[in-house]
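Each of the next two complexes has subunit A plus one more chain, namely subunit B in the first and subunit C in the second.
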Partner chain A sequence: MSLAEPAALPVAASVPPRLHLLQRFTGRFKVSLPAYLLLLPSLVFLALFTYGAMGRVLIDALYQRATPKAPLRFVGLDNISAVLADPYFTGAVVNNLVYAVGTAIPSIGLALLFALALARTNVVTSALRAALFLPVLIPMVAASALFLFIFLPNVGLLDYYIGGLLPVVPNWLGDPDIALYAIMIITIWKNAGYYMLFFLAGLQSVPEDVMEAAHLDGAGPFMRLRYIILPELKPTFLFVIVIATLNAVTQVDHVFVMTKGGPSNSTNLVLFYIYQQAVEHYDIGKASAATMLTLAALMGLTALSFRTMANREGGP
Partner chain B sequence: MLFSRRLMLGLAIAGTFASALALPALAEGPTEIDLFFPVPVDGKLARDMGTLIKEFNDGHPDIKATAVYTGSYDDTLIKTRASIKAGKPPAAVIMSANFLLDMQIENELTNLDSLIAADGTTKDQFLGQFFPALQGNAVINRSVYGVPFHNSTPLLYINADKAKEAGLDPSKPPQTWAELTDWAKKLTKREGDKVTQWGIAIPCAYDYCGWMMETLTMTNGGRYYNEEFGGEVYYDTPSMLGALTWWNDLINKYKVHAPGATPGPAVSTSFISGNAAMMMLSTGSLTYVRDNAKFAYKVAFIPRNVRNAVPIGGASLIIPAGLEADKQKAAWTLIKWMTSPEKSAWWSRATGYFAPNMAAYKTPDMVDFLNKNPDAKTAVEQLDVAKPWFATYKTVPVRKNLEDEVMLVLNGKKQPKDALVAAQKAADETLKPYNAETSLKLP
Partner chain C sequence: MKLIDRLTKDVPLATRREITPKLGFLLTVLLALVWLIPFLWMGVATLRPPSDGINLMAELMPSLKPTLDNIRDAWEIGDFPRYFLNTTIICTGILLVQFVTITLAGFAFARLDFAGKTLIFYLFLMQLMLVPVLLIVPNLRIIAQFGLYDTLAGVMMPFFASAFGTFLMRQAFEAIPTELEDAALIDGASLFQRIRHIYVPLSIPSFSAFAIISVTSHWNDFLWPLMVINSPDKRPLTVGLSVFTATAEGTQAWGTIAAGTLMVIAPLLITFLIFQKRFISSFVTSGIK
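Showing the complex of A and B:
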């Protein structure tokens, strides 16, 4: 009879509870009330400072003021089209894409390498892990101020050490062809240690027995990396890629400190463009429109990656 | 989401800050006022400012002034505007002298005429204390909007040891562009194709670059902008073309100036370390050079091509619009105290800026100081040929329209003529709405 018992369960579950709609609601509410209470402080902050601000930006994006003396005027989507037609904005988008790809790939690659090399815990690897993590602890503004002097042409540390090897000493931050890459170096240096942490955590979840079995089956280190470790690390990869992409858009401290978007806008990134529109051009309408576009792009990207992550759940 | 978390944190901090500012002042007790101040050059200005404000508070028990550090000149404009928008403007700001016009156009400044009249003085008497060259940036449409506080002119700094080494006489510094080019050639050292010592360094980073372009254009007989009206700049003119061509030649033809755009701190570091034998830099860096140079140095007038001329730099004290009457009065007291001969002389000695108040140079301490440091005299002597600092509607973007193009030239990516045509076009575009509202709005 034991076989019949499991079959009885779905039947019982399919009987709908005969409760009034309101009772059902309060019942559910009783269960979730503590949860809502716990979330309340964050919700208040989110509503005030995130959604409230976003709402304000949405409204501001619809208005424009031609000159200081002119009144604020409803212009609909004109600000959006003005931003899209602005070569400085499209330039910043292109710079940001180069920056995102150029910082994400090397820093994630380095992070994985570091994690694989330092997966075992002993005195040496602990010390090396700490050393590699150190840049994460330095505030971006401080790091940028340091690099400002490292990058000084002729008298900076970088040129002191490698200047002699190059045919022409580069003006790292003063040449529009190089400046963006110079800035990317800092980001990579700063983020690799951070992403390493996620990969170290990810490596812990690689099952020992599978590795052992593979070892016994004669799989070499490369085979094990290719067929066991990397597939196991897929969720970590996905997560780190999302973080790296968001960082590429939200980190502009170094641009602010080192180049102010220059020379000739070669290091202008989208967030810095928004800042310039708002505070240098004093053009709140255009700044809001650019913010809306950026928010939309980031939300789309995040939603896409969360979906991809959700789809992966349950799979091996 | 990381973005919203950062945004939230930023706004939370801003909110806390705003509410702290919003705390009502005590009904009894001194009037509390804030003074926003920037640190635009090398040195220890922030500490000196603390000393100055403490002395003011000790002498004025009815006022409690607090000095608030606000970053660079550009940052100070931004922070002041943000506070005005938030309805809690600081009582006084040390504001880059060339931002006054833009702020006046935006209705952000208090007209000081009535405060001057209330003291029983006339505008002419009040302005008469200051060097005439400084008045252009303080007066807009015949009304006083700013009080000159610390000002600068560009100077030519020369490493005298290196000049002697190259067989040049540092007591006879170059006076023309031709002579400067010649000096720079002799002061440039090469090992094969590599340069180990540059003849001259001229800064070009946002803000400094525009000022240096104005300097070179003026010594080439021209001008940068319309001094009477904020809607016109003269980027695409022969005098500016000549200036940019010469700067370009120093880099790309004579190879006596390092290529690319170099910020001010990099230029002063380069000069202090002996990597550059001459530099053009603000007199505001003079104290820094005096304290750090381990060699004999000399400061001289900016050499001319057509005429001797320099733009004014530095900052004026302003009172933002929208203040309560008691704070406005307290700010006015502070401003008059800070710009008095004794105080502006003290500040000048501490920073290297020159004192705008002419009487400052008659104070005994200042006479002593100038006898000991004759290099501090050059900027003052240069005032005879000084003219206002460029100021237009939307000064910063209009300035960047030029700077972006100049940077391309200094990197050898564009010819001076093409760059200036592009800069003029971009600036005209930025100025268009203002011109439509003013000069092009015909009856």
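Showing the complex of A and C:
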């Protein structure tokens, strides 16, 4: 399109350059229009309930009411500092961290054991897989209803069968030192079978010839697990850890049904705190500030794990 | 998705051989039995006559005189048919709208070229990362502004668009050979006709995988409907069960609680037992629910 050959582009040359650009733009838009129309229904709902909601959280976090009926006023970062200074919030964060680590490690460990044990496919292993997967399907509320009785002091299932073996019969859900761990048991029971699926899928990529060679070289099952299978499962581990972390922050239905965050806030988790601030205390500012902090932490974590995964796959 | 293909195949022979020592297998068998105990108790307690009293409530050996009294009581105390209906309406409504939105968007990403494709793709990706459960507070306010507080439509609306579903359909559509579409194009088929008669029918497995994930997760959803719904007659199963449990717990009616829980989870459990393979591969596909 050099000036040396203007005759080659008679139309373009007669159009002012700016209009030319506009034409190119409208031309491109015309080509893109069908795609935009197809995307529109999804984008409307995403705009409302994802980006809009996200923006709303950011704005709401900056405002506060002095009393429930007072007008909103701009308070800047006051809500955020108020949340960070709130011992109930920091308590919930600590509980949530304990809960996340304490549920992720056992459920991932069990999931790996289950997957290794049930790797071969036959009638027995299919039945066992189904048994371990059943809890994944039921609502957390239903699991909580069942575990309410399991944990019932003295007459409940746990105390009925093993209470006699313990020096003191614990009040599983009523003791602030134990309640969080009791809640964790439900989560482990519910999630191990889910994570098992990913390890089962991951195991299929373990190279057969390497395993065969190691076998011929006399490597025992533990050697092969340590040096061949576990390294091969690294991406699966990473993926499952991300899901387990997300689950630890988003699964709180059992807290609602079983303990309401108690006793003495020992089972209060971050999402339950947000719910309490918004629905029970009508404090949208604080709820939004807490939501914002949690979202930031989770998004940072997800981005980090995506990058790690991308590096792994892109690497040599 | 690659995972789904991998799961349906068997583990390579050499990997299978001696992959776990016998001890590991034995431990897994024992744990699988432990995993079933809550379900076992639920079944036994449901059929146990209330006259057995609280002291025998934890007994896992079934009573010799099974009774349906608990089921009848649960049926009378809780408004289960209503809860069922509400949950069914919610799940069906969400799924039907999702089918439309994910088909259209999935097609655009799979087969059309347009300005800003990467940007819009990332906008969709954001929904996966933002974890909808955490946005309950702003979403409740948006729903209230639409006048949809305390309506089933309000429970459904935030889930009408699905990034996961869109990506799933995009992948399914990309796998369909373009020759089929070219032939239809020569015959003068419009865009919608091509989607309707070529892409949709050839992607039924992906639609059914998505349906399983969508219905399971919304069937089990609790926190969001709890916040949106106020009227007792609009409660879905999960919210109904939590209220029911709280009531029956006060009177120590554990047999009734077991019966109520059984009624709530039976439909999904039965469907799972029939379509086990489908469920499991759909869950692997879903990754993040």
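Throughout what follows, the second predicted complex is superposed on the first by the 268 of 316 C-alpha atoms of A that agree within 3 Å, B and C clash if a C-alpha of one lies under 4 Å from a C-alpha of the other, contacts with A are read in each partner's own complex, and residues count from 1 in each chain.
Following the convention adopted for this analysis, a residue touches a chain if its C-beta (ideal position, glycine included) is under 8 Å from a C-beta of that chain, and two chains touch if they have at least 3 such contacts.
Every value quoted in this text rests on a predicted model; they were computed, and no experiment measured them.
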item	value
Overlay on subunit A: subunit C relative to subunit B, clash or fit	clash
Contacts of A:G262 with subunit B and subunit C, given as first, second, both or neither	first
First (subunit B), second (subunit C), both or neither touched by A:F49	both
Contacts of A:N122 with subunit B and subunit C, given as first, second, both or neither	neither
Per-residue contact with subunit A, leading partner among subunit C and subunit B	C
Touched partner set for A:P167, first subunit B, second subunit C, both or neither	first
First, second, both or neither for A:V155, with subunit B first and subunit C second	both
Subunit B versus subunit C as contact partner of A:E280, first or second or both or neither	first
Contacts of A:T67 with subunit B and subunit C, given as first, second, both or neither	first
Subunit A residues contacted in one complex by subunit B, in the other by subunit C	45-46, 48-50, 53, 148-149, 152, 155, 243, 246, 249-250, 279, 295, 298, 302
Subunit B-touching residues of subunit A, taken from the complex the two chains share	45-46, 48-50, 53, 66-70, 148-149, 152-155, 167, 169, 171, 173-177, 243, 246-247, 249-250, 260-265, 276, 279-282, 295, 298, 302
Of subunit B, residues touching subunit A in the complex	1-4, 6-8, 11-12, 15, 74, 78, 81-82, 105-107, 193-194, 198, 204-206, 258-263, 265-266, 269-270, 273, 275, 394, 396-397, 400, 403-405, 407-408, 410-411, 413, 430, 433-434, 436-437
Touch list for subunit C against partner subunit A, complex	3, 6-7, 9-21, 24-25, 27-29, 31-33, 35-39, 41-42, 45, 54-55, 57-60, 100-102, 104-105, 107-108, 112-117, 120, 123-124, 126-127, 129-142, 157-158, 160-163, 166, 191, 216, 219-223, 226-227, 237-239, 241-242, 245-246, 249, 254, 257-258, 260-261, 264-265, 268-269, 272-273, 276, 279-280, 283-284, 287-288
Contacting residues of subunit A [partner subunit C, same complex]	28-29, 31-32, 34-36, 38-39, 41-46, 48-54, 56-57, 60, 110, 113-114, 116-121, 126, 128-150, 152, 155-157, 159-161, 189, 192-194, 197-198, 200-201, 203-209, 211-212, 215, 221, 225, 229, 239, 243, 246, 249-250, 252-253, 256-257, 271, 274-275, 278-279, 284, 287-288, 291, 294-295, 298-299, 302-303
